[in-house]
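I'd like to ask some things about the structure below.
Should a chain be cited, it is by its letter among A, B, C and D, assigned in written order, with residues numbered from 1 in that chain.
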Amino acid sequence: MTHGLRSSVGKVLGVTDGFSTAKITLKVLLIGLIATSIAAVALETVESLAGRYRVLFMAIETATVAVFTIEYALRLWVAPEGSLAKTTAPWQKRVTYAVSTFGVIDVVAVLPAYINLLLPINPDWLRVLRMLRLLKIARYAPGLPLFFAVLRNESRPLLAGLIAMVVLLMLESSIMFVLERHAQPMIFASIPHAMWWAIVTMSTVGYGDVAPVTALGKVFGGLAMIIGIAMFAVPAGILATGFAVEIRKRDFVVTWQTVAKVPLFVNLDAARIAEIAHLLRRQVVPPKYAVVRRGEPADVMFFIMSGEVEVDVRPRPRRLGRGEFFGEIGLLSDMIRTATVTTVTECELLALDVADFRRLLDAHPDLKAAITKVAEQRLSTSGTPPSDGPPA
Amino acid sequence: MTHGLRSSVGKVLGVTDGFSTAKITLKVLLIGLIATSIAAVALETVESLAGRYRVLFMAIETATVAVFTIEYALRLWVAPEGSLAKTTAPWQKRVTYAVSTFGVIDVVAVLPAYINLLLPINPDWLRVLRMLRLLKIARYAPGLPLFFAVLRNESRPLLAGLIAMVVLLMLESSIMFVLERHAQPMIFASIPHAMWWAIVTMSTVGYGDVAPVTALGKVFGGLAMIIGIAMFAVPAGILATGFAVEIRKRDFVVTWQTVAKVPLFVNLDAARIAEIAHLLRRQVVPPKYAVVRRGEPADVMFFIMSGEVEVDVRPRPRRLGRGEFFGEIGLLSDMIRTATVTTVTECELLALDVADFRRLLDAHPDLKAAITKVAEQRLSTSGTPPSDGPPA
Amino acid sequence: MTHGLRSSVGKVLGVTDGFSTAKITLKVLLIGLIATSIAAVALETVESLAGRYRVLFMAIETATVAVFTIEYALRLWVAPEGSLAKTTAPWQKRVTYAVSTFGVIDVVAVLPAYINLLLPINPDWLRVLRMLRLLKIARYAPGLPLFFAVLRNESRPLLAGLIAMVVLLMLESSIMFVLERHAQPMIFASIPHAMWWAIVTMSTVGYGDVAPVTALGKVFGGLAMIIGIAMFAVPAGILATGFAVEIRKRDFVVTWQTVAKVPLFVNLDAARIAEIAHLLRRQVVPPKYAVVRRGEPADVMFFIMSGEVEVDVRPRPRRLGRGEFFGEIGLLSDMIRTATVTTVTECELLALDVADFRRLLDAHPDLKAAITKVAEQRLSTSGTPPSDGPPA
Amino acid sequence: MTHGLRSSVGKVLGVTDGFSTAKITLKVLLIGLIATSIAAVALETVESLAGRYRVLFMAIETATVAVFTIEYALRLWVAPEGSLAKTTAPWQKRVTYAVSTFGVIDVVAVLPAYINLLLPINPDWLRVLRMLRLLKIARYAPGLPLFFAVLRNESRPLLAGLIAMVVLLMLESSIMFVLERHAQPMIFASIPHAMWWAIVTMSTVGYGDVAPVTALGKVFGGLAMIIGIAMFAVPAGILATGFAVEIRKRDFVVTWQTVAKVPLFVNLDAARIAEIAHLLRRQVVPPKYAVVRRGEPADVMFFIMSGEVEVDVRPRPRRLGRGEFFGEIGLLSDMIRTATVTTVTECELLALDVADFRRLLDAHPDLKAAITKVAEQRLSTSGTPPSDGPPA
């Protein structure tokens, strides 16, 4: 019985799959609590609010620590429900969670409050430690691990960029110090002072608290700006490229899992699904968007992953939902869309290009038979083809 | 008769195709009115102008509201002329327009003025509401929907970037607050104050109203600048990539429609047109530009989509226009351009690479025959080949 | 005789090919004169210099106008020598030059000085007109036309970006005006004033002369910064992509012309040269750079387009120059470099990948024979192969 | 014996391979010394520290010069040990080192100190010269030469961008000078003064020391900001693209060298290794990362280049290390991972896609036999397959 309860709690906490409503409710509540708690930490420092709402802020803080402590305890308790590595003992799984990134974040979110009770921390730094609760939100941000993957993959060129920047920073600082120290003895009092100018300028922030005033200083400053922008542009470009590569990789896994659920493909073996997944492009389409328009060239067919579309066939429009497909008649026959298909809700579609469509059907006669059969069925049950057959 | 009139108005308003002169005139007038109206709203707030030109501003406002109200009424009236979904009733189509993005924008452009008559709005916010008229210009900006498509497609990584940024913002703010609050108690009075520093710095705006003054604050500020730029670079890169992908997709549809109108291809079926469209690259070339130069390697042939070019053949230059092609002789024979082809007006060309040209001609013997025939005809009718045959 | 002189002048002015020393000298002199003249225009405005060097500045101005007038007259005179369009009459070619971009720039460089003699121009604007001389430098900047080509190709998405930016600018300005006008009645006196804030912020320039001070204004300002950066990132990305595409296209023409001059390929027809040019990658390598190192994998062979390399074979190093090739033995046999090849001077190389090398040699047996013959010759004349054969 | 000592010193200094511990220790010490020395040069200029720690700063300076002098002498001495060009005489190799980039940097690091003894240099500029020691760090930054390669490859379009920027800078400066000189006679006193505004604005640094105040000046300034950002975006994009291309090239060489060490491939000839290296993608994976998860699609197999992974097979997990591979069973059979593989330490993996895997195995039957044999062995020795076979 304990095991059954533990299993349910594990589902709600998202450790295992299932219970989506309860899980989403908890997720929204926890995100709300993180946001409220962070807002309280920030607003507490505003003197006018600190006096008036002292009790409220303390209540939020206490509630946050209490909830996060319970959450952590529960997560420790349900850790053995985790799907991976069935062979290890429960306590091993608990240790695994405790030393995992999220386990550490969960402890860090509550620990400072308890330490503070025993051994008062400087309230300023306590506030910074409280801010670390924000890291808990990483659990609900599906894209965040991407950042770290990209940073790791591109660490070598990024490091080279950083070294080049530091070298330039030091050289620029020492030269600017020589050029400006007599004109502005307070502002360019030393090379470290000049370094502040250099970083503020190279990053193009340019507060204006430090700027060259001599003619030579300005000429050199202008050069420093041009060089600095190039220096910063390179890491930016590296990051952007790395991000694009990483996203494409992850998209494949998502697509594969979705394709495997399409009724048409459900009997295929995994190898063939992987092959098809390589050919499909994922698209998110807003409601009321005409995916396919009568009279346009038919170059793509679509599989519906989520949402609903409406096909304007006579005598009355037909609706297609999750797992169904449309646009295949145009690819099988005359390449012109003869019906308009509009989304009813936001839809996730997988698009298959005509060239890939033909190659796929040539390679897999059974798939060709299945699609042709659906197309013929559609043509016969309604006077007008459902998606894009010839006009009646 | 009412129907005929409604149809004509629909054409002028761009709901259906046709009447291009009237349509363009109306478009220019409406864009002009939007611009004038927005300028009036902005200039009205300049005190010196507000007094002197009060009557003019009121006249512009009244005229704008009147014209946009009439426009909206007409659009509602002609909505049933819209090309999509012939089966729905006229009133359904009117509702469809009214709740569409453009329908809502059209109402928003005039509604505040009428509400203000019944229930006076704060003049400041009324002005902001008037500014929303500017959204009407989206109807005439062919590239604007692209932005929203890209934002939708890339929403997931962009959201991850935003979350990472918010986490960094909060952590930086609380740390900087600790480091600077004693040195600048007014400027770094609270964490929300420090957040203003963080966002101004991370975005590299750097007004200079808030900047660290302590040594530690400056060191940390320098780190924040480097991190911040990387944080901002990632979304920028995602947007740029997404934009490039989306443009390529739309370009294909435009190219297909253009290729279908080339006389040479007009008898091909849609599948073959799609195949050719995949091979062509669209180029916009300015007037008086030498597209092809005598003596250069011939690696591309061109189809003229719009505009006119001049081929410098003897005895006198020949002009080629929309739907004609040039540069094919070089690809058929010896790969060197022997005539120069210069644009007379701005031209839209579709370029076909030599490798694709050969593959295409090998696959379609009839196309090869047609192109060879034109080339031979050209060689015989003039002593010198029209585009790039051997010099006479 | 006049014709001979005109032809020579044409060569020196770069209208036709030839006379490289004289042409380069003239080019350097003209670039120097443009720079001097522009420097004079700028420094003339410095009061302390204006008085002291008045005569010098006048002399430079007079000399510049004189030289540029003579240059323009000569260019008009030699225009008929231009290589294009042999059929048109000399006066037609002169008109063609006069109305071309460079013809107009050449006139604009001297015209203000003459107009000023007849009809004095405001000295400030005269100075701006003089600055336009700088455009003459475009003739000597091979990459500048690229910019205009890219701007033209990408004009549509760039325009969409501009419209989106203007819409955002107006909305942000009117909202910020409402939020800040009471707190800073002088700085946010009107919407046009607020527009200055918006553009300074969205471009991340952030002078700091205009910044929000109220809490709401700062929150809204923070949002504006994030949106603004995204807005600016898109056009930047479009430009960068377009630039990359255009550079690749131009590189092909340069490569073709270079390949056509390689002795090994000189007897091939143009089609085959184009085919090879598509496979080659152009590289500029500095002096003393080890292009190929003993023991590294051999995946590329090189053709020398300019400069000289040294191969460290026994008994003494051998030098290879323009038109020769190296690295072929590694590709023909065992894929390991067994000799190091170092550049003596800066070299321009064309690299051919091993996969392309094999495909090329399979398709063209005569080319394979020629390369194999050179390789065998090299192996027999020296005990050690010249570039990367097996160690002796 | 001298030769043996010289050889050992050469190994420690990294001139030849070997002695990795001693080499790494020296590297860390030298990097530390460079950093300490640069920090000392910078902090020496802080007046409060200069007085107190004068002796310390002098000691650091003396030690630095001494160590770097000894290092330079040793490098000169061991130069003949360098692996390249066995034929040249020792003194030739010493000259080669002395005039190489690193040779010059090594001299520049110590020379100013000696010159200063003979002929006192201005202490300010002496400090700048001392900063040049920082360049010695380039020896330990593997990515730095990349920057110079990219700058060289893209020098032409970058130069064009620079020229366009200078032209814009001059035109903007002269126009802004006209517009603002009467309103701000001190700040816009001359065109050179306006150039400072132009560069500060175009680089988006925006100190705020110089900004337009007139209405016309602000309108023009806004345009200048938009143009300026585009101008800067282009070189940034060029650099980023060039960087990506160059990284991909270098990665191939590294991958080739690693593949050659994989036991499975060790008997292949170099051509086949190069072929495989072209198919592999290098990945750095952090500790405790699940590379492969039970139930996910199997689209890739991995070779371990460094580090250790754990496969969760029954009865107890198995560890795989450097040179071993995993994930092959999924590719050979049913495409679903049936075991989870987690990294124990940070791992460097080479990934091979399923499509390339099949092509490779079809082309090389012996490779197929070897991999199949390992897979079968694994299936038989443990009840459960090591990486991703069917569950027992």
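Note that contacts are C-beta pairs under 8 Å (C-beta built on N, C-alpha and C of every residue); 3 or more make two chains touch, one makes a residue touch a chain.
Nothing here was measured: the structure is a model prediction, and the numbers come from that model.
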If chain centres are mean C-alpha positions, then the most distant from chain B is chain D
Given over half shared residue numbers means same and under half means different, the chain A/chain B interface is different
Matching interface for C-D, options A-C, A-D or B-D, criterion over half of contact pairs identical, gives A-D
Expressed in whole Å, how far the mean CA point of chain A lies from that of chain C is 39
Whole-Å distance, C-alpha centre of chain B to that of chain C, is 28
Chain B residues touching 2+ other chains are 192, 195, 204-208, 236-237, 240-241
Per the touch rule above, chain D residues touching chain C in the complex are 84-85, 87, 100, 152-153, 155-157, 159-161, 163-164, 166-167, 170-171, 173-175, 177-178, 181, 189-192, 195, 201, 204-208, 211, 215, 218, 221-222, 225-226, 228-230, 233-234, 236-238, 240-241, 252-253, 256-257, 269-271, 273-274, 277-278
In the complex, the residues of chain D that touch chain A are 38, 41-43, 45-47, 124-125, 127-128, 131-132, 134-135, 137-138, 141-144, 146-147, 150, 162, 165, 192, 195-196, 199-200, 203-209, 232, 235-237, 239-241, 243-244, 247, 283-286, 288, 290, 293-294, 296-299, 312, 314, 316-317, 334-336, 340, 354-355
Contacts from chain B onto chain D in the complex sit at residues 204-208
